[in-house]
Amino acid sequence: MRQEQNTVKKNLRKELDLIFVQNPVLVTGLALAPAVVGSFTMKNGVGLCLVFGMVTIPVLVLASFLGMLPEKVPQYVRTMACALLAALMLIPARMLAAQIAPNLFDSLGMYFSAVALNTVWLVRAPLCQEKKTLWSLWEGVCLTVGFSLCVMAVSTVRELLAYGTLWGKATALPLKFPAVAYVFAGFIVVGTAAAVLRWCVDRCHDILTLIRRQQKKWRA
Amino acid sequence: MGTLVNIFTLLLTALVLENAVFSRALDITSLLVLPFGKRGLRLFGMILTGTTTIASLIAGLLNPLLGRWENVQYLRPVVYIVILTLLYGCVCFLLNWRKRDWFSGHHSMITMAFFNCAAYGAMALTVYSGFSWLESAVSGLGIGLSFLLALFVLEQGRRCMSICNIPKAFRGLPSELVYVGLISLSLYGLVGHQLAA
Amino acid sequence: MLQYEQKAPYVRNRDSAFTFMMDVVIALLPLYFMAFYFYGFRALMMGLFSVAAAVVSDVVCLLLEGKKPYLRDISSVVIGMILPLMMSAATPYYVVVSAEVFAVVFVKHVFGGVGQSVFNPAAAGFAFAAACWPSQVFSYPAPFSSLEVFGPVSQTLSNGPSWNLFQGGVPTIDVLDLLLGKFMGPMGLTNILVLATCLFYLLFRGAIGWQAPLSFFAIMVTAMLCFPRVPESGPMSLVHEATTGMWVFGGIFLLNEPGTLPKRSSARLAYGALAAVFTILFQRFGQMEQTFAFALLLTNVFGFTLDRNSERLLRQLRRAYLATRTKHSEKKSAQRA
Amino acid sequence: MAGFFTRGIILEQRKEPALRRKLRTFFNANYAGMLFESDFPCDGAALAGEQIIEIARLARIVDERDGVLLHEKLEKARQMGIQVVVGDAIDDEPYVSSQMNPMLFLPTEAAEGLRLAAKAVGNPKIYFAVYKNLNDMDLKTKIPKDINGVEIRRIHGRYPAEIRTMDTFDKDGFAMLVGVCSLIHLYRAVYEHRLQSTCFVTVAGDCVVNPMNLEVSIGMTPTQLFERCGLAEDPGYVVIGGSMTGTVCEDPDSYPVGTMSRAVLALRDEEKKRRYQCIGCGRCVEVCPESLTPFYINRYIELGKLEELAFYDMHRCIGCGTCSYVCPAKVDIADNIKTARAEIERRRPVAKEAD
């Protein structure tokens, strides 16, 4: 029983890495296009995270079910099924987005549905086929949290700099850089966000090794 | 003669003015991250050009049909993805039937090429700007070729950055992102405004 | 008494990186004097603010990287001095400072600091400012109007002759004013004669190579003469373009930034030509008034490739030359035997 | 300022006090007794070519230009059929005049030695080569047109003049360079059966009171030489060899001066020689005589990527030091290249054993 619990804790720990150490957007760099272009206001950021969540989690769950299909079914049929599910999930995502902010779809344009085809589930779906459905659900949730953290961070920074507003409400920022909303600044902000994340992860890594070395010393 | 000039300007705008990668950041993931290696990426570029041209050709053909469905806004993205999956299905079926070994080797490359923001963007662009079927094919070709152009530019960038001692936090992906960002800043001088997404 | 880390050539050239950068600063001073002559103290204050911002952000980045900032390394001062000259004298200070911080932090230090700039920081800074606030950067006060040093400028700002050229109209300023630079234009680069003296000073001091400016100006002048952008005679269009355009200033200071310039002389010729081609294309199809900075950013991308290809070309030439020489010497030894 | 079309650099030679002064001798052993016994007659005219080479072998004369034994060099030249023998007195490095000064102050020995060498090789044309750009303000010695009938040809151009000597003599045919000092030793070996136990050294530098050229017995230490010439102040560092291509001598008390060390320099150490970071100005590329790109070579060496250096032809570097001389950021490119070459040499045998 204890050994089985350890594996569960280890798996949980491995999935949690997906959020910070292996962040899908900033570290492995998947699904970059919407994160770079789409996220210039917080509303857009929320919209992107919503669609990403609505698409990736069901697809990964479906992938784990597809794993049970007989071996004869070729792999490309499974990816086609996942893609169709992703397309169908767009419709409820669109309705939900209309509730949050009326003109969300127009401001995002084609990037709203481009998120449906992101490379995260394309890469993760074959891996999830061997997993049990609960684990792939958990992985989907971790991926979505990782993606949304990054996109929300980038979009808040860009909105603050570009329009000086937070979720549409003006803030007391004296300086406005209208160009931060453009595409080139999106690249640079995401690049610096990736660098800052790596810097923080390195520093936490150093601190953790220090603590572990301290503990070893106390125990010895 | 008129259409020829029109096509040439269209191709030029798709290549330089509204470069799919630098002005619309359509296909950054496969450009920066996917582990296809140098020659693999060029092959991937070819496949991507094929998919974008065919996809936008079909979108151009369906254009009058899709245009009329104005009231059903939600269905349009679904239709695009369905078209893409069908294309993917028949291409995979053909390859599986004909060249099995080559297909098994390059399976992930083909899936990436089909389910790709660039392909989706090409279709959305053709319907958004209401091109005829010929113009949409040319704009799809333009988007694919702009991916190859971006690939060439980024190769030079990577080699140039290999000799700069970039601070540790910026090594790898972040510096390439900033590099592509500065190139899109330079192309901003041509575009001059935020592209209609 | 004995030191061991002295390395091979024990006699060294007298000038150091400090004197190298000081040459560029000295070449920039007459432009600042001219800006002060036209627009008063505000021009100098803008230069001061931008240099301060550049140095401060440079020091902060060095501290972040863990390196010790060194007083005599004045490359950020050079960037700080180049940037405000391209803007109009009435630009608010926050525009200059933020463009400067963007240039030093995101363009210079991300790619490795002093020597390894992949892009030209000053050009990228100006491009960022032009993208962010095109109205402030491109609206010029009339020269000899006394501008308030601090606070908003009460002068009436209007578009200069470069806007007419951009729209296709012919600017109606007589040639003498154009040559002396007494027209509405960017702060420092309206007087073409002073710019020419700066070019010769830098060439003589060896701070810039002669290849890149030569090929750049050659192609630009021929293009302006043969294909004028506005319906007027060739030489007149050349005079208009040269005095109002930013590419003359860019060809001297921005193009020859040591980091981004390729190193081989043949590669420098090709680099200057490429920069000229991009400048013309950006002028014809660009959406902005002064698009030289954007064109230069695009040419910086190809700087390294030009160097590498010219190296590859030279290797083939050297092989061919050595082959002929060995054949020649074999023939000679055959004769003698 | 790096030249427009010519490569290399103009150097301030600082040769003058040593070049003008008479050549002095400074021995620590019984110089007269160093003879070798042989039954050859004592005058050059009667000897044949092979006998001269035999004498050179017996006297164990070393050519100070490249460290090759003189008799081997003459033997090889004899087989290849050399058409021109050139006495090399090209001292193009600052402070160094250890070849020019003996030629000027021992003209008969130098000229006769050159004729003997020519006779050994099958009497082709003979010249002396001297560097042209001695642009010192206080240059008083006037280099004559010829020495005892042997014409002196001046090597034009900028600092690394060695590589251009072959081209200047190519018109006359296959040329071979022999150091002047070894010719003088050849003359003494033939006419006085004397072994080569001495070498010609310039003692100079900004800490030396009166710099001069000395004929020194082999094995003496730099401190002895400095005592002979007088030190104005403690030298910052001591250099053996030329001022551009020499090496720092860590322990001047026990370093033996050999035939190959052409100069012993005591140089003051200026603290303000601060090392900046390379700014990528490209002057080293303009100035390199072998038209290499020291900028990229140095950048790859500093990053440790040694496999890229083959593309940039680092093996063709002649180590003349002009890139480090002209670099405004005072980066030691020549030294980096030297260490990188040693590193690549160190790695190569491993590869050989592998396959």
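By letter and in written order, the chains are A, B, C and D; residue numbering begins at 1 in each of them.
We take it that a residue touches a chain if its C-beta (ideal position, glycine included) is under 8 Å from a C-beta of that chain, and two chains touch if they have at least 3 such contacts.
As the structure is a prediction and not an experimental result, all values here were calculated from the model.
Comparing the chain pairs A-B and B-C, the larger number of C-beta pairs in contact belongs to A-B. Each chain gets one centre point, the mean of its Cα atoms, and the points for subunit A and subunit B are 22 Å apart. Computed from the mean C-alpha positions, the centre of subunit B lies at a distance of 34 Å from the centre of subunit C.
In terms of their C-alpha centroids, the spacing between subunit C and subunit D amounts to 44 Å. Subunit D has its Cα centroid 63 Å from the Cα centroid of subunit B. Shared interface positions of subunit C, i.e. residues touching 2 or more other chains, are given as 106, 110, 113, 116, 128, 131. Looking at subunit B, one finds that residues 163, 165, 170, 174-175, 178, 182, 185, 188 touch two or more other chains. The multi-chain contact residues of subunit A, meaning those touching 2 or more other chains, are 182, 184, 188, 191-192. Because contacts link the chains in a way that matches no line, ring, star or complete pattern, their graph is best described as other. Considering their complex, residues 17, 153, 156-157, 159-161, 163-167, 170, 174-175, 178-179, 182-183, 185-193 of subunit B touch subunit C. Taken in their complex, subunit D has these residues touching subunit B: 296, 299-300, 302-303, 305. Of all residues in subunit C, those touching subunit B in their complex are 64-65, 106-107, 109-113, 116, 118-119, 124, 127-128, 130-131, 282, 285-288, 291, 293-298, 301-305, 308.
Taken together, the subunit A residues at the contact with subunit C in this complex read 175, 177-180, 182, 184, 188, 191-192.
On the subunit B side of its complex with subunit D, the touching residues are 162-163, 165.
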